[in-house]
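Before any comments, here is the structure.
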Amino acid sequence: MQFGSDNQTGASLQVLEKLVQANNGFTHGYGDDEWCQQAEKDLEIFFGCPLKVYFVATGTAANSLAISCIMDPWEIILCHHQAHIYQDESTAPEFFTGGGRITPVSRNAGKITVGHLENYFRHMGNEPPHTPRTAALSITQTSEAGQVYTPRELAGLCSFSHDHEMDVHMDGARFATAVASLDCSPADITWKSGVDVLSLGATKCGALAAEAVVFFKPEIAETFVHRRKRSGHLVSKGRLFGAQFVGWLKNDHWLELARHANGQARRLVEKLARFSAITLQWPCAANELFLTMPAKLSTLLHDKGAEFYEWPHHGLPAGVELSEDEVFVRLVTSFVTSDEHIDQFCELINEFFTTGVK
Amino acid sequence: MQFGSDNQTGASLQVLEKLVQANNGFTHGYGDDEWCQQAEKDLEIFFGCPLKVYFVATGTAANSLAISCIMDPWEIILCHHQAHIYQDESTAPEFFTGGGRITPVSRNAGKITVGHLENYFRHMGNEPPHTPRTAALSITQTSEAGQVYTPRELAGLCSFSHDHEMDVHMDGARFATAVASLDCSPADITWKSGVDVLSLGATKCGALAAEAVVFFKPEIAETFVHRRKRSGHLVSKGRLFGAQFVGWLKNDHWLELARHANGQARRLVEKLARFSAITLQWPCAANELFLTMPAKLSTLLHDKGAEFYEWPHHGLPAGVELSEDEVFVRLVTSFVTSDEHIDQFCELINEFFTTGVK
Amino acid sequence: MQFGSDNQTGASLQVLEKLVQANNGFTHGYGDDEWCQQAEKDLEIFFGCPLKVYFVATGTAANSLAISCIMDPWEIILCHHQAHIYQDESTAPEFFTGGGRITPVSRNAGKITVGHLENYFRHMGNEPPHTPRTAALSITQTSEAGQVYTPRELAGLCSFSHDHEMDVHMDGARFATAVASLDCSPADITWKSGVDVLSLGATKCGALAAEAVVFFKPEIAETFVHRRKRSGHLVSKGRLFGAQFVGWLKNDHWLELARHANGQARRLVEKLARFSAITLQWPCAANELFLTMPAKLSTLLHDKGAEFYEWPHHGLPAGVELSEDEVFVRLVTSFVTSDEHIDQFCELINEFFTTGVK
Amino acid sequence: MQFGSDNQTGASLQVLEKLVQANNGFTHGYGDDEWCQQAEKDLEIFFGCPLKVYFVATGTAANSLAISCIMDPWEIILCHHQAHIYQDESTAPEFFTGGGRITPVSRNAGKITVGHLENYFRHMGNEPPHTPRTAALSITQTSEAGQVYTPRELAGLCSFSHDHEMDVHMDGARFATAVASLDCSPADITWKSGVDVLSLGATKCGALAAEAVVFFKPEIAETFVHRRKRSGHLVSKGRLFGAQFVGWLKNDHWLELARHANGQARRLVEKLARFSAITLQWPCAANELFLTMPAKLSTLLHDKGAEFYEWPHHGLPAGVELSEDEVFVRLVTSFVTSDEHIDQFCELINEFFTTGVK
């Protein structure tokens, strides 16, 4: 009953097999090897366009390195109040940018909207060099609230941003589940919508540790190799990343994994729907459920071995206040979530409500 | 008719005289001179307690250096949404702290309240090292909206902060006008209320360029001399600052200057009260007025040579929306503001409304 | 004939097997898993003392994070002129320390000596805060010139350093080959000699990407978790590192691999000895050979498929000057270097000299 | 008998008068005032070319800000081993550049030579992004050893630098004494020789706190205003600097002051020449003397009230070793050094040697 995070699994079998296969023989170090070259080609096919691609081990590294390429230390990047880069990556954005600023603009919303950006620009001061210039926007796809931006929404945000001379970064830690949810192409929600640089995460959806920073606008990638090296993110045996991506991309393996995760989330939603004391706080669009439930139920489930996290209240929709005996939690499904886990979990909940074990 | 800023004047005569006097003779460099030593003693009398004091040329340097002593690069300092350190000092706090974060908590309020802090802690995540720890609070006295924190309010904020293991910084760029307004002692609104480190600004109230970083808790000052040196803020001919502070403090000169500035602000408030189309958006507590007025009036006043600035809308009280033909402006009085300037300014306004020159 | 670097191989079979084994099942993320816990226990046995251990993916990350824990941004760390942290890791030390300084003290020597340190302190200025304080020493074991520090030499360097209030870091990217060369225990050349923090590299000697930062003095580790997180080096699926170290340490696997590498280096030395135009510039103590050879020979070997690098001239011993038709090169052996590769390589050299193909 | 430093005086009378004069009336803040505008025009005349000029309070700020405009954080700036930016400004260069590196190339020499640069490039590695790129050179005029670079020497250094895609910074803390010594124009030893950006110091030669960063190549100045603001070096009452420079430049006042300082240094040299136990270690070219003398004499002079500093041994010429009863000291003359001070100082020395008071 692991619904804690999609990082609690190992790699998928196909990804692991490629890793084992790549282990053989000599290659050049630092990413100058045939596995990385193959992965780069595969990613160009994946996105349907020429790319600059660089691999790193963590989402935090991918995000922060990407961001540091599109803003100066005296500039601001906008993001959602719940953005991973703002809430869960320590002060990595500030570190990598040399002291740039990250400013949230979308409190209590499921996604950033153009309205949020307009509101920001309406109220802020504009007296450089006293006030820092706003240089970039970071969007998370799938969003922090488990929502999915449509191509149209993204095009609106990117267009507004470009009009204001801001570059657009997408945190795609759960990019695959967004594509699976939208039934679109990777291109549709990236460069075709105006995204300039993407952190493409394979780790949460089938890899062991494999993230790609994908530049759709090559001129902003110029300093990347220096930034990656001096932050210690240039791995010497680069095949580690190349092999994982080759395995992840082959025969739309990533999509199959993402569809499974999303499907299991929907299954969970459907089975929880009949419990009126459990409220889905955001519609489930991909592989995450954000729920309020009785605190005693949460305790019972944890006692019985279920894994999931209480979630900070900044993740609640506007106006929602919890009663004292309620908790706000997140459930995450993954490419390995089985029907049995879901059934067992729901059975425990059923028992709780029917037997009155409160 | 200069109401633009209290930094548009030179030094007061008494401050200038000391500077000229201090120019003579040999002294050691880097603050190891009799003028700085005298200023330090005078400041201990001013505050009525032992101190660690260091001088710098700008408020931004004073604030950022002070802040860098009370937080680590992976920590957060809270402040008001309109705080000078957040809105008007570029990304200096991020630079000096090595990439720490500054988080505003008081949108559309005249001052920070304990309620704002409680609300912040209620909603934020708390999973170190993923979420940055909240390490400090910065309060501006006189506040960004021209309001003055009472000793009781400060004690409440400091007590809450210390209970949460946060140190408290006060940005005292307009500290003198706050003391004048409250008719209290400097001690009452600093260490007696729990403030740990103060940026004491003389520049805006009579000096030419003289700011003191005053540590009431000596252990947090340990790294200061290194931080000041490597940021280029250790002036070689230190008498420049020592002399100004000696002049500023002598015979309560600072208080006399602050009282004049505050008195002229009140005079301006009284004379503007009769114009119903001009609305004071915050009560005037010290030497700043925040007003809405007809845009055409603002244009006329500027055309006639009046100096004042339009103010960003984040400085408006909650719920206030401007109509299209209104502007939000700030008027600042200083130690040199004359009755004539005020009368002339109000006369122009009177003409505008009576002659219908719109 | 791969003598380019010990990072051109994959993982050893035993390491790979553990990685595959660890891939199964759910674990907590971020290093809170049984593999990391096992690896930590194994490392305590390896070193024979209690430890604070943290895992990262690269040597640059391990070194820079370790260093950032033992110096402030206004301080200096000393190292060898050829140190990897000085010559080959971009400005990572400066980045991670927030702008600290790295100062080399051992030009044209195979190892740092106490004499180098004494000479440094004799000539430098000492006027804080104007002159930065010297806070730390970094030693590389096996050294940059392929030399090995004896326990006695290390004890001398550490003792001198501690007397000068400097902490000691050891860059152990090739730590295993040093232990194999000295036939000592890991403890003998670390904490028993006075080393405070070690970057223990498994990658170059059998792992795929696995480095441990090992603190022998726990109080200097206090900020590590924050530094690792905000630099993007906290991997979510931590088993990646735990499993590799478990495999690497089991049944002295690391020692077996290191002994093979060293043995093959000795074999190479012996076979090259008869070529008088090839000069070993430093005695071969572990798994690296630093040679001068005719430029035409180097070209021929490369043309025939041999892999090795020309080496920067700062790596030459004092007084050695190359003639125009000579090159300075490095040959590295590894845990997979076969007799056949060595024989084939030497056969080509033999042909060069005997057939006069110049 | 003050020979400690040229920062132990106040401002010259003419500079002070302008400061007092500038104190009157309203001006805009932050350098947008008539005094700064006048100073900028005067500097364009001084250098005989169009310029970008910015004022700050300290030499450290001027140097570090200038340097940060010509190198990236993953790059290197070369300088003399004794350079003020390397020896006396803490780690300011690293701080302002966001962690760039400063590498000295001229041990035990009076000035940097092209040979030093050639030697550096011959030995260093060149494998970006592993090895940091060398991006800039900093020259100090008057040099750290009191030497003066001729226009021809500068042209050689700048030409070599530009050929290697390095920009050239000049630390002109004692620029005026160099011009006085060479009897050339300011242009001759700056832009006409190829210098790209100059820190022009007035403080050590007649001002109280006034340094100008002068860009001869405008495109490298683009980020300066942001860097100055976020480092706290944008002074609000900018007339402080403008007025000092206007006073300093008027009627070649700076040159008169510099000539006096240099003349008194020569006078001191001449009077010391007859004491065989005192050795001038570098020829005196401007206003500094670097001497070895008996330790007992140094003690006596200090006891009698003379001010001067012992100097770190890295400042000695190559091959010079002190005997145990000798000390290495620096004597500095300034625009206020009087004949009486010199005579009194030399009289004490004479007594020491003649009366045998040892």
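We call the chains A, B, C and D, going by the order they appear; numbering starts again at 1 in every chain.
The criterion applied here is as follows: a residue touches a chain if its C-beta (ideal position, glycine included) is under 8 Å from a C-beta of that chain, and two chains touch if they have at least 3 such contacts.
Treat the numbers as computed from the prediction; the structure is a model and nothing was measured.
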### Task
Moving only to chains each one touches, count the minimum steps from chain B until you reach chain D.
1
### Query
Of all the other chains, whose mean CA position lies farthest from chain B?
C
#### Entry: Gap in Å, rounded to a whole number, between the CA centres of chain D and chain A
52
### Query
Rounded to the nearest whole Å, what is the centre-to-centre distance of chain A and chain B, using the mean of the C-alpha atoms as each centre?
41
### Message
I'd like the Å distance between the centres of chain A and chain C, where a centre is the mean of that chain's Cα atoms.
### Response
35
### Summary
By the touch definition above, chain C meets two or more other chains at residues 73-74, 89-91, 95, 98-99, 129-130, 226, 229-230, 234
### Task
In the complex, go through chain D and note every residue touching chain C.
73-75, 87-91, 94-95, 97-102, 122-127, 129-132, 312-314
## Note on the structure
Seen from chain C, its contact residues with chain A in the complex are 2, 4-5, 7-11, 16, 19-20, 22-30, 56-62, 64-65, 89-92, 95-96, 203-204, 208-209, 226, 229-237, 239-240, 307
### Contact footprint of chain A on chain D as seen in their complex
72-74, 98-99, 128-130, 223, 225-230, 234
